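Chain nomenclature is as follows: A, B and C, assigned in order of appearance, with residue numbering initiated at 1 for each chain independently.
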Amino acid sequence: MKIIVCIKQVPDSAAKVVVEGGKVSWGDAPLVINPWDEYAVEAALQQKEALGGTVTAISIGGESAKEAIKHALAMGADDAILISDPALANLDTQAAAQVLAAAIRKAGGVDMAFFGRQAIDGDSGITPSQTARLLGWPALTLSAVIKVDGGNVRVERAIEEGRQIVTAKLPAVFSLVKDFGEPRYPSFMGIRKASRAEIPAWSLGDLGMVAPATVISWPEVMNPPSREVTCEVIGGGSPQEIAEKLADKILAEKIL
Amino acid sequence: MKTWVYVDHFKGQVLPASWEAIGAGKTLGTVTALVFGSGVEALAKTAFTYGADEVFLADDPALADYRSEAYASTLSSLAAEHKPDAILFPTTTRCREMAGMVAMDLKTGVMVDVTALELQGDRIVATRPIYAGKLLTKETCSASPQIATLRGRAFPKPAADTGKSGTPTKVAAKVEALTNVEGYATTEGGVSLIDAGVIVSGGRGVSNNPTLTPPGGLDEKQTEIWRAQQGFALVKDLAAVLGAAVGASRAAVDAGYVPYMHQVGQTGKVVSPDLYIACGISGAIQHLAGMRTSKMIVAINKDAEAPIFKVARYGVVGDLYQIIPALTAAFKSKLGK
Amino acid sequence: MDFDLTQEHTMVQKMVRDFATKEVAPVIKEFDRKQEAIPWMLPRMGELGILGICFPVCYGGQGMDYISLGLACEELEAVDTALRVVMSVHVGLCGMTLLQWGTEEQKQEFLIPLAKGEKFGCGAFTEPGMGSDLAAMRTHAKRDGNHYILNGEKMWISLASKADFAMITVRTDPNPARPTDGLTTFLVNLHSPGVTRGDIHGKLGVRAGSTGWINFQDVRVPVANRIGEEGEGFKITMSAFDSGRYTVGAGATGLIRAALESSVKYARERTTFGKPIGEHQMIQEKIAKMAQDHEIARLLYLQVGWMKNQGRRSTLQTTYCKKFATEASFEAANQAIQIHGAYGFSDEYDMERYLRNAKGAVIYEGSSEIQVLIQAGYALGERKDKALRCELPAYDAEAWQK
């Protein structure tokens, strides 16, 4: 089983993200692997343990994207590829999908392409299905359970109404939810391997493509409006008294 | 502007955010609603009552189950033929996928999970949250059609006017798909979080009642879960009286108190109810990302320093095991239930 | 001279930090209140390889260096001292002593399971009546054929009730020429007949840590378990402390950092007299001192780690590291409580736990006073390092990772 995991480097989820001079800034908070992609790497490693094969992490980015890649290697991915080109600076999802689809084709012989369900910076969650569309592969997004049987796969997808059970033929694109379990910590051996790893870089030329056009732009980024909320703490002599007061206040706001 | 609005449904039940999208589309110009499925003519009729000027209906047994390739291809081929200016979807699991694929087919882009729309000339400027809602961006799409998914409850739901009617235009379905749907497994029923007007949520604090004596033979983790279930029973009682959905923080889901489908937060469901009652939830940033746009937040927590109080309109610092049942009783009598 | 951590080191830091903050931090306060050790803590640390971090792979370890050990200790103690105490006794006093003084057979038989986290070790030197004055110990052993017979009691032993092995020093010669002669070190299997042990509660701090006493009644210890020769016990014990003390100093650095981070966060949020308290100078002074002390403590322990990597004797630098960091950590926790005001005085915040924990570190593993005497000895030229028969092996990335 040849498994590719597409990972993205994003600012730490605990970072204080603000708009400074019209641009997004996260101060000196570190860039880390997108937390959802960590779950995807974990799921990929579990599939490799069950079925045999290799796990390759790929990421679009510059030098700093190597952190995310090295984390995936330290968790146990076998190898990694960085897709790096100055023309790839500000990609929207459909441009990223074009690049990733080209990389997956170039890697060749891929059975499963894993994605985290969304990147916590853009929060779009559509790159996996867009990549699948370009490859002409089934898009098995929001997979919570994956069972491979020969060239077929059966997944349970997490939809609003519960689970949808779907079968398809491999190769396929998957986006993962959390049900596979907490991502494993890097092992010390993995850390050693990852820190020494030489990560090959592919440029657009290597992928045989020109820079894809971006159609989505962010002409304006703003801090959210500050919500002037002062909390009124309801006190009282007994829980019953407090509850009465609170219920009255809520009903007075006419939202029930 | 000619806007198409995709009406998302599951087993004939329309997700109300679809009607909100029709309302939003009407502010931009004319609206053509799209209804795909099998035996869904009634949904098409309902779309007129919510303001659709026109409805395209692709009714085909092969579309009985949502499958992304078939639905996306149906929409893409229609759009290639009719060239709408914009296509709006509600933000749902199906529609994120569909919108993404349609955008690839039509070589355009998607503005995902939009909370506000404005028109500047013939460009839609879509406001949407990024970085877990820490920031907002105003996005535009330079290609056509301009595609957006709209966050549930961010746009007003139009009033249904049963006087409005029309005849849906039947269109051909594209039926090729790469997947087979074997079935569905439902988890608990109840009000859907995304659509709920009122949500009562429980957090890790819900298991924190050491005075409760568990039945014998339970180990520590099982005892914790048993206590949490007693606590969540109180949360569910309050939700029932208020006609509310039950939510949970990630901490409660991770600890195994409730299934993941109840999780509210950046990595669960993002909700925008009118009233959000947070019980035993500290208010970590990931949770706030999922509910901070609620119109009113009420917090019940033993910890007066819990961050949740910073975003709450009303707060009670107290023992939820006492406060929640008292609140349930108070609402029961005041709402005449 | 490169003061930067390597990428390997930063990944080690992150891994240990993630483990401690995700798995231990949410529950530690509860266990500290109950004065109970977290039952899964040892097996989990063993599973993750943390208990064997700085031992060669061929001895069951993870093949990382001594700096990695220090970094791990800093991250562990930033969450709670109980986590770092495990490293001090299992890795420092027990495992590293085996690595330094054990025969090949002993390393094969004992170090491998310890490094793999299959068995747990501790260090048993202190007695009810003796701490700093090692030579005054009363636990003794007498040779009997292929065994020694051990009698006595050790007290204030971390992991006493949890460990499988204890690195223990006892008196074997009742009439030595000098008091520090006639001591011998053994690795005792604590499941042996005649061993009884119990937990000690009511400690001021490290309440989620297991501390106890071990009583030996005619315990038979095979000669094969004797570490080094008869009479080498004093030197071996001092080596053990060189290892243990390093982990204590590195760990205390983490405590300073935790106090600093908590204080900075609080200083930004809490307002008095119209501004965040972080804008008041007296608060700034406290925070600046914590930040400075953290930097100094960190540099000191990294230097010790580097020296150990080189195979150099680091006794003096280890005492600087231990004394400075532990005293600074106590003061940092003290000032952190002050910054937090009444909330610092309550166990709703962590600062009171850090202060209680920090007090132990200036007492154990060589009290501050002992550290001063050692330092004075070196400074005045009265104390010089003599080559030991066995030195702690230098770090060898190639050899250790086979």
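FYI, contacts are C-beta pairs under 8 Å (C-beta built on N, C-alpha and C of every residue); 3 or more make two chains touch, one makes a residue touch a chain.
Bear in mind that the values here come from a model prediction, so they are computed numbers and not experimental data.
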Higher-contact pair (C-beta pairs counted), A-C versus A-B: A-B
Identifier of the chain whose CA centre is least distant from the whole-structure CA centre: A
Chain located farthest away, centre of chain A as origin (C-alpha): C
Geometric centre distance via CA averages, chain C-chain B, whole Å: 52
Whole-Å gap separating chain A and chain C, where each centre is the average of the chain's CA atoms: 40
Rounded Å distance, chain A centre to chain B centre (Cα mean): 20
Per-residue overlap in chain A, given as positions that touch at least 2 other chains: none
Interface hub residues of chain C, defined as touching at least two other chains: none
Set of chain B residues in contact with two or more other chains: none
Contacting residues of chain B [partner chain A, same complex]: 10-11, 15, 65-66, 68-69, 72, 92-94, 96-97, 99-101, 103-105, 107-113, 129-143, 178-187, 192, 194, 197-198, 242, 260-261, 266-267, 274-275, 285-286, 292, 295-299, 309-319, 322-323, 325-327, 329-331, 334-335
Complex interface listing, chain A residues touching chain C: 70-71, 74, 182, 185-189, 191-192, 194-195
Touching residues (chain side chain A, partner chain B) in the complex: 11, 13-14, 16-19, 24, 35-36, 92-94, 97, 120-127, 129-130, 132-134, 136-142, 154, 156-169, 172, 177-179, 214-224, 227, 229, 231-234, 239-240, 242-244, 246-251, 253, 255-256
Touch list for chain C against partner chain A, complex: 6-8, 11-12, 14-15, 18-19, 22, 48-49, 53, 62-64, 68, 401
